[in-house]
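Order of writing sets the labels: A, B and C. Residues in every chain begin at 1.
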Amino acid sequence: MEKLRVVHYINQFFAQIGGEEKADYPAELRKGEVVGPGMALMQKFGDEAEIVGTIVCGDSYFNENIDKATADILEMVKSLSPDVFVAGPAFNAGRYGVACGTIAAAVQEKLGIPAVTGMYVENPGADMFKNKVYIVSTKNSAAGMRDAVAKLAPLTLKLAKGERIGASVEEGYIPNGVRVNFFEKERGSARAVKMLIKKLAGKPFETEFPMPVFDRVAPNPAVKDMAHAKIALVTSGGIVPKGNPDHIESSSASHYGEYDIEGVMDLTAETYETAHGGYDPVYANADADRVLPVDVLRDMEKEGKIGSLHHLYYATVGNGTAVASAKKFAAEFAKKLKDDGVDAVILTST
Amino acid sequence: MKLEIGNIFIKDIQFASEARIEDGVVYVDKAALEKIVLEDENIKSVTFDIAKPGESVRITPVKDVIEPRVKVEGRGGIFPGVIAKVDTVGSGKTHVLKGMAVVTAGRIVGFQEGVIDMTGPGAQYTPFSQTLNLVMVCEPVDGLKQHDYEKAVRLAGFRVAVALGELGRNVTPDETKVYETCGIKEGIEKYPDLPRVAYVQMLQSQGLLHDTYVYGVDAKQTLSTILCPTETMDGAIVSGNCVSACDKNPTYVHENNPVVEDLFAQHGKTLNFVCQIITNENVYLADKQRSSDWTAKMCRMLDLDGVIVSQEGFGNPDTDLIMNCKKIEAEGVKTVIITDEYAGRDGKSQSLADADAAADAVVTGGNANEVIILPKLDKVIGTLDYINKIAGASEETLQPDGSLKVELQVITGATNETGFLRLSAR
Amino acid sequence: MKGWYVITNNPLVRDKLSGDVQVIYQAVSFEGLLREVRDRVHKGNTLLSHPLSGSVKPRETPYKSVIMMDRKGAVDEQSLALIENAMQACLKFEQKAGRFRPEVDKDFQLIDWTLLESAISSIDR
């Protein structure tokens, strides 16, 4: 029987090219080579599969040239026509995790080849991509390589063969929002009794169905004196200066932008646009004030209804953006807003 | 209260002219049972059949599954207030025909549900592929209304089960188990260091074909109340529920409630199993509030430390489940809830129709929408005519090769919410 | 109790209750009826019975009857949560209503009626 063909993606560190100083290493295909963690994978694959090529790419290079790097790597993968694509594992390396998630999702989506990666659950890449590709849950450092490969290799083989993928607890992937049935070792009532005993003893227990989480934020008290308040605008509707200078992604945004609107009285089709890919952009592009109401606030500033409009606004794209990323962005710019003496923020979405 | 359960291991069922149990074989006198069934003038005819584990047999549409039992010592009889006269059961000695079941089948409504496959991929999803089943299909007299038909079949099943149980009265059990709970004060003195735990069982009580009876009383007309868990082992709770095969509790599940059994297994060791609290799942919202208020109040009055709450059904009961959980937790009593999920065929939808952060300890019986192919089996007991009318099935159910493409919903007991099976989901 | 009414798309319910209680009958789909209930909740009416009553699944049975209280004023949060969750729950079921043989329709009507009847008997107590 012919072996299944696997293409493996790793970063400069795991290819033993170097650390941070070599992170700008461009994408490179090593045909027929098995590099670094690929060795351990190959061992687990046994006679069933083989790595037919390894793609090495620096983490900075990937993240700073995301479009080109993705396109180049897709070409490399395509040229080897694999049955499955494996990226990482990335453990807790943030940029490596984002690269693994990005490229694995692209391979799956653009080439129709099943893909899998692995990372620590708190890696930002996990939250961003867990609903797009299977991400094996690993420990937080490369010391957990053995354990990671032990889960990654069998899942890789199953994906390559097109077999049914079991529940997250069986296969070891990070829960991806898809509920999958499987048989537990004990019946439900026995599991319930055990769970209750743990809960009563104050010991950790794991629910089988996490309730949907609604993050409720208690509103702040009303602003007492609007006429002297400094108001800022923030949006997840993707309003950016024309040309999207910070390249905010149209979905699953990985960053936000800070833009100066000193002296800007009105957003026009010539000056501003939306980067958002989740709604019909026609009306936002024609007049971005519809999403980010600079014009109205300028009027209110003139009329003395508000003290002033803060000269900076913050924007990102809400479309498919991970909650963890959104929280991180907000924590950063909320601090800046406070430091700048802003009294209140108008947050617009779409 | 103390109850001794004597299990008589049943190895086979055979039809014979003289009814008896010999060496673990139940010999069934068809004619005698037929007479018992036809006592009800609403039933025109009945056919009996036997289905054994591993046989290429499909039983459908299943209405109820009942385990034959007989009260040999102590007060009352099996199914008090329904078959036996009203008297408090749950103490003394009861014999059980372990390993067999009476299965009632018959089309009561056009979308009647319930499949038991004795072999193949479907068998692993129903507990009743593992029992020797005496199946009875009852035909109603012409023009009989659905609710009268349901009642007739329900009661006929109990009468037959009781008649069979009677055969075990003088048989020496192969195994004896003792279940005993203490009074409130006694329990505190006996187990001063163990957490006080109860089982809160929610009973389906929404209306016709969705009912449960407690000592013969329609559960939707009851206030939440307390049972000694051994009472259910004598048939204090019976099913009148024919809709949603996967997560309704057949009478068999009430008789063998797994939460009761598994709490008893820990009783006196890691916890003190104080009692069982039963509450309902009415359609009327004020009833829900009253019932859940009472349940939480009793948990507090009984000085409980923890409870396990089990659900029955989908949608409307999700609201009761969350109300119970929230209010009981608010009384400072720790909860674990057992439910099942309707996450859609792709598993991507929100599983429950209600949710709350207080429900932080959940056991799931799996996604009832998951699709399964049931291959054609050699024999059908009941009728396939209506198989494509089952909840979770549709006109497209019957495949050209005779196999059925269905959701787990149609299989009797598949996602049981008392935790009867090992099926789960993540 | 006064001021309650039944909203239904079930002709059997319309016929059974006509004259006795206020019935608003609308020949709409299951989801259409839930939408109508939602709109009424937005206007201040409250739910007296659960919109997902019964174990017959949404989109399987075409019929739904709900008891509401005619009331104006602030939106009742519990009613709103119940009806919105119910509408969302519909989406996860396969569309089967209309695929059943015609005689089954009567059974769906009957079950919906008996579920409603159990709620009405709670009001009448």
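One rule holds for everything that comes next: a contact is a pair of C-beta atoms (placed from the backbone, for glycine too) under 8 Å apart; a residue touches a chain by one contact, two chains touch by 3 or more.
Remember, predicted model here, so these are calculated numbers, not experimental data.
Taken as a contact graph, with one node per protein chain and an edge wherever two chains touch, the assembly forms an open path, each chain linked only to its neighbours along a line. Chain centres computed from CA atoms place B at the largest separation from subunit A. Mean C-alpha positions place subunit A and subunit C at a centre distance of 42 Å. Centroids built from CA atoms put subunit C at 28 Å from subunit B.
For subunit B, the set of residues that touch two or more other chains comprises 343, 350.
Listed in rising order, the residues of subunit A touching subunit B in the complex are 167-170, 175, 177-193, 195-197, 199-200, 205, 207-214. Residues of subunit B that touch subunit C in their complex: 109-111, 146-147, 204-210, 220, 241, 243-244, 248, 282-288, 313-316, 318-319, 342-345, 349-350, 353-354, 369, 389, 391-392, 394-396, 407, 409.
The part of subunit B that touches subunit A in the complex is made up of residues 124, 195, 197, 258-259, 261-263, 265-266, 270-271, 305-308, 334, 336, 338-339, 341, 343, 346-348, 350-352, 355-357, 359-367, 370, 408, 416-426. The part of subunit C that touches subunit B in the complex is made up of residues 47-50, 52-58, 60-61, 67, 78, 81-82, 85-86, 88-89, 91-94, 96, 99-101, 103-104, 106-108, 110-111, 114-119, 122-123.
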